[in-house]
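Both of the next two complexes hold chain A, though its partner changes from chain B to chain C.
So, the complex of A and B:
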């Protein structure tokens, strides 16, 4: 009986979901195409969030002070990679955009009672590419057990050395153009990856039990969409400037606007690595309220 | 009532030994660990024992449960047998000794279980599974050649270097998972391979990687169909072929072969050097006088020598990934210097230091077995030195009466030198007349066991002054010219024997005729 009820519920969600997609059709074609393909793959589980009462968080990451000068990467030993870059490739630790915003900031829901205990479908594989002897993307988020396709587009030796602290890592070689699959079974923010062959190549992966994560882009923008209404602690993580968090209230159908500001003065910040993410820990939410 | 009491008593007594047994087993691991392991690995297993700062690589941090030597997949936990093997065999080339004969079997077993308690990654129920490596293929010239092709194709040389001496382009930037400098293995010295020296050990390291270090696993490459198991075995055979067939035995004497009517080889490129194997002489860090050095790069030198009755040439070769000072290694150098304890006023990591080699002899041949103090002699028994530096084209002769008293002759040098760095190896040839006019130079007399020892420094590994590697005393023996008698006596003896034989045959024939 209980199972039946669940199925009925799921069917209702699916119906509402597909209706909504039809309604939004044309507004953002790429987005809806992405979610429909994800939905078709994840047949075992549907998104438990009722889109009719959901809201969004959008925002940007501002940067104050003068952008630190990054070192140029010496790729003279790897002409294949050097030739893929039009200019001099630079170390990606701090990437300040032309509009004064900060790239590569991992923004994610750290706490939120509204999504406690919710089971989200696992999205299809995320791509981590090694192209021009840099990781693309440099920072990414995935869900627990989500497949990560690690691609070598350079056709020369890379090794992918993942060093999480909450779970077991791996150190895998890719001597030719090829792909391998990996996944992480435990939530952790963040997991460092490096290529030992090319000491400048680093990447960070955030692993969560939910899909509410984003990385600030070339305009400093990020977005977390289709969140159930409620209060959330949203954290922004940067590999050099550490973390910041804000409590954000999401209302049904509303869009909360959030701005994080990092500054050049934070260069010596403690950067948390390998922090377990426990949604059941509400100490921060209650503290701030 | 009494019966019940007695029964209770019996029951209690029966349980005591059981509980004691259980306690002892738990305790044995801890007691053994605290006594023998904690000094380096720390009481809490974090790898931060009081001696850890003297070591590179640092002692294993057991809380991460990251083990290099495994038959299990990259990132997987080791099997009990893997851990037991690591305890038994130690880690050659590091401070970790082999505990094979030093601990009892129950102690080692208890230790394995105790080590697991440091990490939350060891589950109670899941037993780590070993990978199937197939069987070792047989080696042959073709297999080794195929291995070389694959070594190039999968780019082992990026870190290990073209000739395998740990001098690949990526080698100066290699660090382990805790950020400490991690040298790429010198594949020409299999007796220092962490995890064993034979082809099976090499194959295991390739397949499962060395977790916690930059060495990745190649099982994923195999699974992706990029390389076959046979080809990976060929790589292992090729790597094995880079080291001598047998671990070089300890040989006390370097023979300087006599080459009459020829000039001695003054150049590294002289082909006559290929005619002799040479003697391997192990070196260790200088840890007697301050500032000490616990992280020597040069762990051994190969020595060959020739003389022609007039001059002597001694060739010393050793693995060193670069010709110091080299800008590419400056970060490595400062990292090593800041990593290593103790700070005793040695190299600060700032400024450039060359690679160096010093060959040491007694100033006068000792009478009997008494040799000078091996650390640059003393006032009673001074030493005579040959000094070569990578940033200088000449070699200097010098003398010393103890550490810090070295002085080198500016003029009247009788010593010439050629040093060549190629493929992660220094080859340095010293040439000198056997006899010189200088009374502070040792005369090289044939047929005598001349004490000889070595000091070596890798500048970009933070080594200079007292901070370097050294050997104990060995001997240099110059082959004596064969006395003329050797050429006369044997033919004479042969002639005589021939004549006697002929005489006997004649006599026999004569007797036979008489009998008929």
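So, the complex of A and C:
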């Protein structure tokens, strides 16, 4: 009996030991949780730019030439998604608006000594939705450490495979209607996202250390507001037509007007991806004049 | 009427002086180490079973929250709202197989029974290197803790499958798992030392410490199979460890042994892994064959049919196991002529396997069969191993394998070998040698109930998987309903899942029986099965040092129902009447 009792003690010891070892693994400390906390602290930070002395940049992205015909997406295998589209869903690579402008162009401040070194508060979470088996928005910008709420509104399996080059990516899945949070800790323009289940689903995210970014809308318009006065290199990025840059001077209380023009001839342009953004690099100020 | 030589250095005298820690924790006694392995590996077996149940929940009820609010204990990175995420599913299949293969079946086979049986069956007082033996055990929980910890790191546990194919395993970019994959590698590297040190002990002990008269062909088949398995471990584990180290270097310091982007060769990983991996299959099945041989001979009260051919078959299977690894890689683009030679060597393995199967049947034939729990498990092993072996013949044929590769047919095949074969063999072994380990019998009613429900539920779960595979359902797939042509299989998947839940649940009966019998089971006595082996010639449980006197072996281990004897068994150490009192020199008849 003594031996039996001791064997029981041994069993209990092994069990407790194993549980302790499991416990020592520690709790999950996901990036998103950590960055949420960081985001709350950052939200409390004041914007370093004095609105009374700030200016704005507004503009549009024009498109010249014949708009290329985009392929129709065959969603017949996903009736839930197909039913969400009134017409035939089209690939979103090139979206030319009725007024001859170009949508989904990411416009951002690439260089600018006036904001160099400034610490900006992190905005609240940005939303990336998967609705009708397409990403909405197709192109978006966020700040470093800004939470990105990724929503699955379709209720069927999507995965979000982000493949940055300057930082670790993620490949998370959403089998049902749900939301998850992600963020990026390093500035990078642009980061491609794709769904491996639905090969047509692609999106691009630009990550910056500042809030001066915009995406041309259904009218081709964009705006960058509340910039300190100074000279900036503003770049426009498109997933097929590459990039264009302009030097823009912002004056206190003024609004600079900028127009970028992409053309059908640029279809074979080199599209930079995963470019680190360094506000210290001023070489382009002269190059792009 | 037994014969023995007095033990000069009796271990039993100092047994009570060791204290609790050295007796039960850091013990060098092979029997206590066997029990430590038993408790640890049964815990990992339970964990692996729970992971299997979660896998089957996802396949049976895709997209539905885990039942009983189990999702509440899992973080959102695994199962938000109780719904298993695909990346967690990848970890589940990877870790299920990892725990089952490396932390449950291997320790149960080699760690438990190697430690328990080898010294007892050959008449030794302990292992050749008791301290190394202790080290061999204590490496296991350390490796297990590392592996378990991987569930709790960012990105979760490894998700590249237990085969960890490169380049999927060389970078977290593909699976989303970074540190978890590294911990998987480190854990298995550490665990390899446990296997190597254990195997070194087994080989040395069998060669050097056999009792007088224990000639090679008087060694019981359980020890024969464990001895051959130890050689496989000694030769195979370093190959895996080498590969794991190279993969770890690829993961951590940017080497490119297996990464194609650095001019590495992903296929080399497959060659290394399967050069270890196929002998590993025999590491997981050969000991069970040995246990089953013992049980069938004992419970049918007949000598093992063709003892010598059984030994030769064990060695032949182990040898052929080294030249068949390519049959796992028919789809890797290998030269078809090479594939054909692997196909031929693989089919040849059917010969020694068939020898064993027919010998088991021959042993049972016209025997005085006692249908108690160990025999039921042993006979189940034979039946299920035959099914697993036959499906293996299908897969050994390259043209058929091209169609069935990476489908659920493979899942069915490997589970018929490793659950139907190995696990039922382990159950046969545990229920047979339990009285020797703990001095009490397991409850027969509970034992038979556990066997019956397990056998039925097991077959209901795994046999339909053959059909799933033929229909094209891929292994490791998260949700087959993503493919229209697989949607019609959902009802089968649900049925399989329910059967698995029954199979997993009924193991609770075994656990209850296991622990209840320790205290309440009928006292066993030294030799409850009227068996011949030396392990039954010492008390149950045996004291430290095992034998008061070194036994002398006079005959083989399977002299059951020997003509002219009053008893239907004839212990190996029982002196022949004609030489009794005249000489201790062992005789070599009958059944050497």
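Convention: the second predicted complex is superposed on the first by the 242 of 289 C-alpha atoms of A that agree within 3 Å, B and C clash if a C-alpha of one lies under 4 Å from a C-alpha of the other, contacts with A are read in each partner's own complex, and residues count from 1 in each chain.
Here is the rule we go by: a contact is a pair of C-beta atoms (placed from the backbone, for glycine too) under 8 Å apart; a residue touches a chain by one contact, two chains touch by 3 or more.
Worth saying up front: this structure is predicted, and the values here are computed from it rather than measured.
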Of chain B and chain C, the chain that contacts the larger number of chain A residues: C
Touched partner set for A:199, first chain B, second chain C, both or neither: first
Which superposed partner A:178 touches (first chain B, second chain C, both, neither): both
First, second, both or neither for A:157, with chain B first and chain C second: both
First (chain B), second (chain C), both or neither touched by A:170: both
Chain C-contacting residues of chain A that also contact chain B: 77, 157, 159, 163, 168-176, 178, 180, 197
Partner chain A, residues of chain B touching it in the complex: 64, 74-77, 121, 153-155, 158-159, 169-170, 173-175, 177, 209, 211, 213-218, 220-221, 223-224, 226-227
In the complex, chain C residues that touch chain A: 20, 23-25, 35-36, 39-40, 43, 62-63, 75-77, 80-81, 83-87, 141, 144-145, 148-154, 172-176, 178, 438-439, 478-479, 482, 484, 515, 518-519, 541
In the complex with chain C, residue positions of chain A that touch it: 3-4, 6-11, 13-15, 17-18, 21-22, 24-31, 77, 157, 159, 163, 168-176, 178, 180, 197
Touch list for chain A against partner chain B, complex: 77, 156-157, 159-163, 165, 168-176, 178-180, 196-199
